[in-house]
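Remarks on the structure that follows.
Going by the order they are written in, the chains are A, B and C; count residues from 1 in each one.
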Amino acid sequence: MEKPGKALASVQTQVPLVHNITNFVVMNFTANALLAVGASPVMAHAVEEVEEMVAIAGALVVNIGTLAPQWVEGMKLAMKKAVELGKPIILDPVGAGATSYRNQVLTELLETASPSIIRGNASEILALAGSNIKTKGVDSTASSADSLEAARELSKKYGSVVSVSGATDVIVSGSDVAFVDNGVPLMTRITGMGCSASAIAGAFAAANQDAFVAAIGAAATMGVCGEIAYEKAQLPGSFQTFFLDALAEINDEKLNQLAKIRQ
Amino acid sequence: MEKPGKALASVQTQVPLVHNITNFVVMNFTANALLAVGASPVMAHAVEEVEEMVAIAGALVVNIGTLAPQWVEGMKLAMKKAVELGKPIILDPVGAGATSYRNQVLTELLETASPSIIRGNASEILALAGSNIKTKGVDSTASSADSLEAARELSKKYGSVVSVSGATDVIVSGSDVAFVDNGVPLMTRITGMGCSASAIAGAFAAANQDAFVAAIGAAATMGVCGEIAYEKAQLPGSFQTFFLDALAEINDEKLNQLAKIRQ
Amino acid sequence: MEKPGKALASVQTQVPLVHNITNFVVMNFTANALLAVGASPVMAHAVEEVEEMVAIAGALVVNIGTLAPQWVEGMKLAMKKAVELGKPIILDPVGAGATSYRNQVLTELLETASPSIIRGNASEILALAGSNIKTKGVDSTASSADSLEAARELSKKYGSVVSVSGATDVIVSGSDVAFVDNGVPLMTRITGMGCSASAIAGAFAAANQDAFVAAIGAAATMGVCGEIAYEKAQLPGSFQTFFLDALAEINDEKLNQLAKIRQ
């Protein structure tokens, strides 16, 4: 397994523009996470401009956290354009399984385009694969290990890399699988950590051809920065601050040293 | 007067899902405050999904901070469903009195359903009760003491617990009244403190049958955590961080020890 | 050149209400920045209420960061009302040049009303003046020095003060120009810094008749507080926190002492 430092260095060298159509709750944190890690974020959702925005971006991140019909139109247009231009799409199925509207929109989005990377928590990945698990709002009620089969299924069905966040992150690409053992439980107590993982996966996919490598690099970066932040603060307000600091300080060498990736 | 620790312990044990239809400014802070205190937040506003979301939630928080017609439709649908399912509704009348549109929407919402708890600042509660006071945007120009009569009136009219935030929080339930003397003035210099008080009231109402007990517990938790944060930082950026930390550290024992509740 | 402390003192004495129609990414940070510096923020965008809101505000800040048609209607109505009532308008052309929709909306907004202050980064100001420079999303690819001619042109065309943020801020009012040498590069790595500069320009314009004085005062306050924060933290998460702290601590004396303004 290649070490993830090189993928991070590509992000930091290229400073890719990442186009996010994401939810209201996490826009600020996500933008700051992208800036900290060395990418350039832009948020734009209107049908009037998403196609042009995706055309100047290196990747498109679609996140359904606070869904509404007008936004879905923008997502679809942007995804079509991304496919046309060969730009990677990252889909974050926030709250999949929580309501039938979310499930229906996810079906429509996945019919519109196959994402390069689908990143979610275990409940979301299970719901997306058609399991009958009930998501509790947007927080996971399943472990990432539970979702390995579901991730494999999704990966085959859509040709996507599927990245499942959890105590151990599970990343599946067809018949390949990688496990990332970094991160701390406190990360589940801060809103937008999963959404930021998706946004950062967008930065990695923009700067690295191989989506599997990108997804692993992004998951390792998130987890390692979580560990660095946790050394400084064990409470969520301070942790959040130090997490952004860690994203700004991480480099290829440190990431290679601290990443715990198994295959 | 029962001590508020038990109500907090119920939140922390049950980890209730709180469905928020709230404003853009505070969504991130509110979600983090709910996670920190031990609840699970979800934000969803589309008419397509609010009914299903409220059905899996323990409480519904409606906050009119950044109002628009489509959102009002979602609020009404969610409120109707909450009534049908017997879930507590918390209404935060942000900026009541500032524009006639806000006043009109509040009238419509209050015709749709009687909230379990109405939580606002003194200006908002006075405006809601039909006083001619002019709200300055979303910040209060009156003291909570001024609003006691207005709170009583509202409580009788809607059968709601009315919680007025201020130097002293005033909580009215019919003919009962409680005063919470916790908190620090710096809390008025951080956006979303009032909105978080409403969201946390939602968590308490989800986990505690008695809305009066829930509103008092939430107000005491906010105030006590404000005091704990203020010991660490007297400036708003740092204070905000330590406030979230305090919410994550507070427990029933500490809350009972520090809460200053009078009746 | 008058020192900027007096303009800041006016803000802190008057506590002006600043009406923001701004983007989702920065609403929280902007509101906190306004509160910290001593102003009172309100965010409201619906056509149903913007006219009444601008009527009780001291200034209107229009920011096109996350644009959509319904919002543009609210912006236009609010701008017309502001003109009618003689309230200063601050326009932040976020991402000007990135998409044709943004350019078209900016043309429409500038036909609706002449802003008192236009504040943007160099790429945005160049794009607004009709240069063929291509904006990279919302981050600048040009230096503020490059934009001096464009700023002069815009200032003459619209009768606006034009404030260009950069390593050196360039502020143009007709044939007058001022340079502010405060600030640190890290400010470009935190989302919403530019948007907050615009919001704070709104607070200064609300409390000071002369828009040139207001724009210089706001730019100096931002830059000086950036320097103060940077002494405490060199990483973006912590920096952000200390920046808000600095805004809450700055006073006229300290600002006069640290501001580096040339003409």
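General remarks:
Basically, a residue touches a chain if its C-beta (ideal position, glycine included) is under 8 Å from a C-beta of that chain, and two chains touch if they have at least 3 such contacts.
Here the structure is a predicted model, which is why all the values come from computation and not from measurement.
Rotation relating chain A to chain C, from a C-alpha superposition: 120°, rounded in steps of 5. Two copies of one chain, chain B and chain C, form a contact in which under half of the residue numbers belong to both partners.
Averaging C-alpha coordinates per chain places the centre of chain B 32 Å away from that of chain C.
In chain B, the positions touching at least two other chains are 24, 28, 240-241. Residue ranges on chain B touching chain C, taken from their complex, read 23-26, 28-29, 65-69, 95, 98-102, 134, 136-139, 189-192, 233, 235-238, 240-241. Contact residues of chain B toward chain A in the complex are 17, 19, 24, 27-28, 31-32, 35-36, 40-46, 48-49, 52-53, 56-57, 70, 240-245, 248-249.
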